[in-house]
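Let me begin by presenting the structure, written as structure tokens, before commenting on it.
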């Protein structure tokens, strides 16, 4: 159920809070105070006003608000006391179906973090792979309280931006999605490499999993993950260069010097454009970060 | 126990055969006939003369000679009826310690091959990884008899070249060893990348195993496998680019766009020079086959 | 004065010839015969039909038709007996304003060519630089008569395609224009190079002349010669890399290792897309033919 | 006439000054004082000791010493009052054969510089092209006196290093020569490009002059300027890629997309190793600063 920005701008306070009050987890006061700043020209402006409300709140209110969030992969998550949005977000990475060992690791991190900071670890899970969540969790537990409070509020910004875009239709939505594309150039023949098979793997700490596969189009281009969010993490594109040249009769060694060409890279900004081209011959290749 | 080429050139036929008669498996007649072609100016010339003897022999003698070779990974190998050279060569790849399943696969291929050609599958195992032996075995079983006879004699050439070089000291040995080297250029700073960590993996069908690791020297160069033979197969160099730039304070994203950079390639000629350079920045890299 | 394809399809023969009869130089019979093949679904189909008429004509008619063309840069050109289209095409390259020496060179080539083939040298000048015309003239004079007749008719195709597109409005025009573009990637910073100055030179045998200049846009892209036809010839893009990095404070040597980076390439198909990217750092660059 | 370091170490003061006193222009006191620091383990140590003497001298002595140098390309140069070393150095760039216009430009710069600093402009001409001398002259005239005094003494170091190496034989000479090399890799075929023709041009402000030409050897390598000093300046290597591929039957367009490939770069440190490789196909190329 979405609502339009026009409808929100025309709402009284109760209607406004009813519509977007749960964007901020157990924090309807954020919507309540932001109501005064209407009308909003864009969805991004609405989000900025709500975040400004949180940033401007007294430390006590901020801490109380942060404490209203569920533990990540923890007991509360298992017990089901999350808002529906939190459930959906944590479920996508399997954080609600942890093995006993993983559960124990999250429990330890949750305990250490809560002991140090007095609020649960908050992270926009839709922007992360399971590995990057663990890496951030371990690093952020080393922060001092000021740094971590800022980090937690920054994550609140990421989480609520996504929720707001899902709930409110209107002009000027904040940027919440990125792009992963490739372009293969065949410099043996001086043309784009059409019909070349590419696979995308997530390079996890414990396993490599294939996320997507594509054939380059007539211009040598392919888009990967067009229907899924980009997540912070390590990836590998595998370009099937050997098969491509074999099908075009390019003479080469047995086995060919290049067969499957891996290009490994990390996504750090899920809202960015990651363009990962390959300029290739049977004996060489070049890649660089395009897009950006 | 080696012998010099001068000593061989001065030997009578019995001494010549005693010294190099078992270079050709159960084929002392090869040495016997080659004896007449003395003196040999180089070890390579001696090898060429012996191979010429085999090539010029009647088909019957060739087939009988091929039949004198052990099955690869088969019953004979287990029973220990191989020459010491054969044992050492097959042992290095673990072909004398096959699992039951692998043993069964080799048995089936051995049976199919022997049925079709009437002699055992012969291959210079020291030039191969286990995967490339299986790939060749399967492909060569598809050959017609003429093609396969030529392929088998070509492998005899590879096998005996290595044995001869190990046994005879003298000028002009035939080329039996290759080279695998890398060179890392840092085009962020316009200098060679010194002290960069590189690992070499064999990319097997069922597993990736680390064969070697090195740090680049002050010129950005490293040699891999300097003390081991190159083998036909698929490899991956993993360049630790992220750690290199982090240590030099190059600003980059978290996680860095490039961290471990894999370069996957195949060795097809174990006697060649495989020079696999990496020209890199934190956002790009280029590789090509150098050497050659 | 243009005419629509619909109007042409509806014309009687006299009207049709009046409209497009002079597309083929002094050859109204081509239009006359093509009239029978109406209606044409596309302008390209009309052109193909007219060319088919020429190809199918008897050798005598073809030769007579070719003889109706003016000499290139020759006496006839000076005397002004060309159709207006021929004048405009030859004028753009300055072929009607030749120096005495150049005029003499064309005279010699014209004489040798006419003596050998019995018709004047025909070439689609709008697809050429002055240098490429001379190179073709010299090479084609070496042809045998069959090869050269085919070459001359192929040039008639190029010339009349351009004339037809200029005169007839309608769907499906044949491709007569190409594209020259660049894209600059800064792999020191991992971003497109915006605001980088690029110049385009024609690399003539006797001089280098600047044809165009551009700044790359926010995506690092620029289009050159957007309002002029591409011509067969040799070109050089000069990328002002040193100034770009100096303005961004990238530390480098004095003078900088790379300052103006030239990329020299040839255009062989004026109807193609020549995409000439530069992937650069202060110490390296890569280019390749994109587009195509 | 050279002398050995051993002989110098064994000399009395008069002999020492007689041997190396004129290394520092009209400044025998430098040798006189450095004599006390004998013995010198290396020629570099001797040079360092002499420079240390100059650096440690009182400002008055330094200025007097600098004033003892000839004007660059100025009246004194024409009148022939220079030491032989100065004459040879200035003569190599034609600074003793200036046109009237150039002479006037140097005169103006000399006058402005002398007026500001009270000593003539000093530069190690053997490390420079004529263009880089003019560029430095104009830039250094903008310096404040402290910066310029340091710059002048630094040039004295360059000048005397070269003179000392020419006069004294011995271990550990200071580095006075650089290297310019190239390496061409053909990634169409996966091999070094042997027999490829390369020319080296100096890219002067007013003209491009060919300094050297070479064919790449069997490894694809060539050394340029092996017998001449490197000089600070702008250069262009021109690789004859089109002819190379045409001779090897690589199919390509007419004219070929790449024919002569220019790579333009600057030398900033004449004592450095400038390795300028080209990794190429008929449709692409990559270069980077190697060596260093």
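Letters A, B, C and D name the chains as they come in the text, with residue numbers starting at 1 for each one.
As a convention for this text, a contact is a pair of C-beta atoms (placed from the backbone, for glycine too) under 8 Å apart; a residue touches a chain by one contact, two chains touch by 3 or more.
Just so it is clear, the structure is predicted and the values come from calculations on it, not from any experiment.
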**Report entry** Labels of chains that are neighbours to chain A and to chain B
**Finding:** C, D
**Report entry** Listed pair (B-D, A-B or B-C) duplicating the C-D contact set, over half by residue number
**Finding:** A-B
Requested in this report: Check A-C against A-D and say which one is joined by more contacting C-beta pairs.
Outcome: A-D
Report task. In steps of 5 degrees, what rotation angle do you get fitting chain B onto chain C on the CA atoms? Result -> 180
Report task. Could you pull out the chain whose C-alpha mean position is farthest off from that of chain C? Result -> B
Query raised in the report: Just curious, how far off is chain D from chain A if you go by their C-alpha centres, in Å?
Result: 55
Query raised in the report: Distance from the CA centroid of chain A to that of chain C, rounded to the nearest Å?
Result: 49
Report summary line: For chain B, residue numbers touching 2 or more other chains are 185, 187, 190, 257, 279, 283-284, 286, 288-289
Report summary line: Listed in rising order, the residues of chain B that touch chain D in the complex are 185, 187, 190-192, 279, 286, 288-292
Report summary line: Residue positions on chain A within touch of chain B in the complex are 132, 135, 232-234, 236, 253-262, 264-266, 268-269, 283-289
**Report entry** Parts of chain B lying in touch with chain C, wherever the complex brings them together
**Finding:** 185, 187-190, 252, 257, 279, 281-284, 286
